[in-house]
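Chain IDs A, B and C follow the sequence of writing; residue 1 opens each chain.
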Amino acid sequence: MIRTELVKMLRRPRTWVSLMLLCGLPGLVAAFLGVTKVAPPAGQGPAFLSAVLSNGTLYPAAALAMVLPLFLPVSVAVVGGDSVAGEAGSGMLRYLLLRPVGRTRLLVAKLAALVGFVLLAVVAVTLSSYAIGIAVFGAKPASAVTGASLVTSMSGTGLTTPQVLLRLACAMLYVGVSMLGVGAIALFLSTVTDSALGAALGALAALVTSQILVSLDAAAAVHPYLPTRYWLAWIDFFRAPVLWHDIQRGLALQAVYVAVFLAAAWANFATRDITN
Amino acid sequence: MIATRGLTKRYGRVVAVRDVDLAVGAGDRFGLLGPNGSGKTTLVRMLLGLVFATSGEIEVMGRPIPRRTGEVLPRVGAMVEGPGAYGHLSGRANLALLDASGPGRGTRRTRRRRVGEALERVGLGGVDDRPVKAYSLGMRQRLGLAAALLHEPELLILDEPTNGLDPRGIREIRDLLRALNEDGTTILLCSHLLGEVEELCTRVGVMDRGRLVLQRDMSDVRALTGRVELRTPDAARVVALLDGRVEHRDGDLLLVRAADAAELNARLVADGLRVTEIRPQRRTLEEVVLSLTGASADRFDRPGAAADARAGTDARADADRTAGELT
Amino acid sequence: MVRRDARRRWAVVVAFVAALCATPVALAAYPASSSGRDPAEQIQRALGSGTRAHEGLIEVTGSLGLPNLPGLDDATGALHGTSRMRSWYDGTHRWRVAELSMTGERDYLANADGLDVWDYERNQLTRIAGRPVVRLPNAADLTPPSLARRLLKLVRARDKVTALKPRRIAGGSADGLRITTSDQDTTIGAVDVWSDPSTGVPLEVDVVSRGAARPALTTRFLEFTAKRPATSDVAPRPARGLMRGTVDAPDLLSRLVTFTNLRLPDRLAGREAMPGTASVASIRGYTGGFASLAVAPLPPRYGQRLVGAAQEAGADAVPLRPTAGRGGEYLMLTTPLLNAMLFHADVGTTFLLVGAVRPEVLKTAAAELAS
């Protein structure tokens, strides 16, 4: 069942269109930066963007920072919202259930397909932006001094190429995991309504609410419970030594969100009348 | 094969199905008739475990639904309220995906063959790789049937299977269903098309406003009325001869009260009267259904107009409407 | 039957969510144990904890809305909002404090030769040669041990010291004490210090302004380990090929020392000048326990810029006319904890006066400066 859901996801034209859009944004930014050589001032704009002009190796990190706040969660919410409601819309939900596919199994398979999509998205963004970064900005060390380190960590220490690649991979996976909370919310809403669009919009509404509350000091009491609270913790992979505090909490929080909303989806979907 | 007891489904304050005791035997071709909105689809969805009953019990193939749905459904093929398919994939890919989703009957190697056979049966054997969104309504309907037939079901539950098919297609599907039934498949056919049920089914159930108002063998429904329909050029003389037994005359068409048509014919011929046509009158399914059911649930009259209709030509109006649906 | 099933499933989900939500609450409610040390001993141990090695993650929360003043942002930034720091400490001259931000980090690395400052966003490693006599406070001064020791040195015999109930900080129990200030001149109402029972290292400092219920400034360890930090952490090797620079004066205040030669009085508003600043006569701290204040004369053009920034932030120029002698004009910037005054004396000099003191004290000091 998981296999068929993955196949289904891969055969959808929409999957590839959204991946192209996700990879296109960093490409567009790289094109402008490469032509104008005007980097955003330090401390503004997406993280790492001011550092990539001198060395393209870190461009995947900048690309992740670009797609993380909006593009990636939107595409995840759309895929998640479509998962059950989309089947209902195409009329296939009842035929899947009559096949028969157990309702819980269907939910788990849908979640697995969602995880597959998220992984595919972050890997695509990372690989494409790595290639773009090397092509546009080159992979020369940050300074012309002989023996200079390839990339400087946020703490001012040098990182060798394998170290950079390892940290990029970790950051990429962490960003992927960060998306699962939104995906689980969308999946739950997708079992509540028959409108895929409605479910996706509902998940985005939850996301925007969370992001506004995170930026509000008055709501500090609920910050640790918000799904977007630890989204930016992937930056901590580029500190020396790696700061695990927020990363651990972020992973645990996403696991809790997935567990809670998958359970809610199960409770709702398993006893719901399928009238579409 | 199917047995329900006191089956009821409420959506909030609306009762969609009320106290239905349905019995479909093995090998039956059961036709479930009823106007739009009479609860046929809800009943079928409950039988398949898609919708959960408010009260009552369901048994399909001797197993309780919805508790043991998983054991029953692999042996059931169904089409509920139109076919479903992923528009961006071909029909073949759709069937393959559906086949791969559920518990396997056979391996992936046999999937190609099974999909091919199912398509062949419904007349889509030579279909190309165009996506389903380019299919016509009739092709989609056939694809839905193929999906239902994919696993050689023992029970076939079809809701409006001939929607969108042309007369030749309807005939093909009817022949297919009859052939399947002869191989031992039980068929439950839901339709608002009287002709379809009348042609195919051995047993009939009629639903009206959520109730199952009739459930009987087709032969009982179409019982003799004790009258004979007679067409003769010598109508006036026949009336004179049979004095009193002619119940109705319309030109050269007569309706005669008589138990045996053969005896009546012999008597007329003996008197030198010419007979163009003679046959015992049977009740039609249409009359039975119209006498049992009220107005369509999708008709909303103004209160005054409804009263007029009921006072005068209620049955006639319904008959006109049903005739309209028949075309 | 299905209704009951649905209800049962939802009950399972609700119980699951409730258990998840209750976990942090239960962990927070886990009682802390007391080491039984009295407050005086706690203060002694905290003051003597400068040799204790430790490392951890620190969160600073401040609600001192100081306006953005040119040249002073680095010093006042951490005082408003929430910021985080990592600290590796291995003695007074071997430590590293990393001030974290969303897009970078600024590291203060102390070693035997002085202080290195790494700024990721400016991509620059700056060596501060020697030890400046006066400097602006920076993030490294806001770690709980550093701030606690600085504040505990100001405690006078008149201030009331009471024990607080122990509390769990960074996963362990911490002993607490409260200093309630007696001096009516200071805006600080109370200072709460919690420290690690085994090492005496302060783990949390809350500064409460007079009359307020909630602290105006809190600095606390989120993670704390009382172990010697690894060399690669406390003194990481900088990347090869970094842009490096060396400066004598790390910040505006220390630069001002070399630009002005005005001699400030030895005594102001009843407070003695701090002995530590005796060699620098132009910028002086005047000690009075918690009600201490600092005074710096500003170069004319920079003074005007500051006045402009303060006026943009909504401060009004008010004439100061003492009954005797000459006066001037001042702008007051007030926060719950810190008050700052820009005073333009009639003689032509602009002074910056800062302290956790009532505005009246600053006015008295300004009047004395004017004459």
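Basically, a residue touches a chain if its C-beta (ideal position, glycine included) is under 8 Å from a C-beta of that chain, and two chains touch if they have at least 3 such contacts.
For clarity, every value in this text was computed on a predicted model and none was experimentally measured.
Enquirer: Which chain lies the greatest distance away from chain B when centres are computed from Cα atoms alone?
Expert: Comparing chain centres, C lies farthest from chain B.
Enquirer: Chain with the smallest distance from its CA centroid to the overall CA centroid?
Expert: Chain A is the most central one.
Enquirer: From the mean C-alpha coordinate of chain A to that of chain B, what's the distance rounded to whole Å?
Expert: 51
Enquirer: Using mean CA coordinates as chain centres, what's the chain B-chain C distance in Å?
Expert: 84
Enquirer: Measuring centre to centre with CA averages, how many angstrom lie between chain A and chain C?
Expert: Going by mean C-alpha positions, chain A sits 37 Å from chain C.
Enquirer: Identify all positions of chain B at which a residue touches two or more other chains, and write them in rising order.
Expert: Within chain B, residues 52 contact more than one other chain.
Enquirer: Which residue numbers or ranges of chain A touch two or more of the other chains?
Expert: Residue numbers touching two or more other chains: 271.
Enquirer: Return the residues of chain C touching two or more other chains; collapse runs of consecutive numbers into ranges.
Expert: 2
Enquirer: Would you pull the chain B residues touching chain A in the complex into a rising list?
Expert: 45, 48-52, 69-70, 73-74, 76, 78, 80-89, 93, 97-98, 100-103, 147
Enquirer: In their complex, what parts of chain A are in touch with chain B?
Expert: Interface residues on chain A, with respect to chain B: 1, 3-4, 7-8, 11-13, 90-102, 271, 273-275.
Enquirer: Enumerate the contact residues on chain A facing chain C in the complex.
Expert: That would be residues 42-44, 46-48, 50-51, 141-143, 145, 147-149, 152-159, 217, 220, 224, 232, 235, 239-241, 243, 245, 256, 259-260, 263-264, 266-267, 270-271 of chain A.
Enquirer: In their shared complex, at which residues does chain C touch chain A?
Expert: Per the touch definition, chain C meets chain A at residues 2, 5-6, 9-10, 12-13, 16-17, 20, 24, 57, 61, 81-82, 86, 98, 100-105, 107, 118, 120-123, 125, 222-223, 232-233, 236-243.
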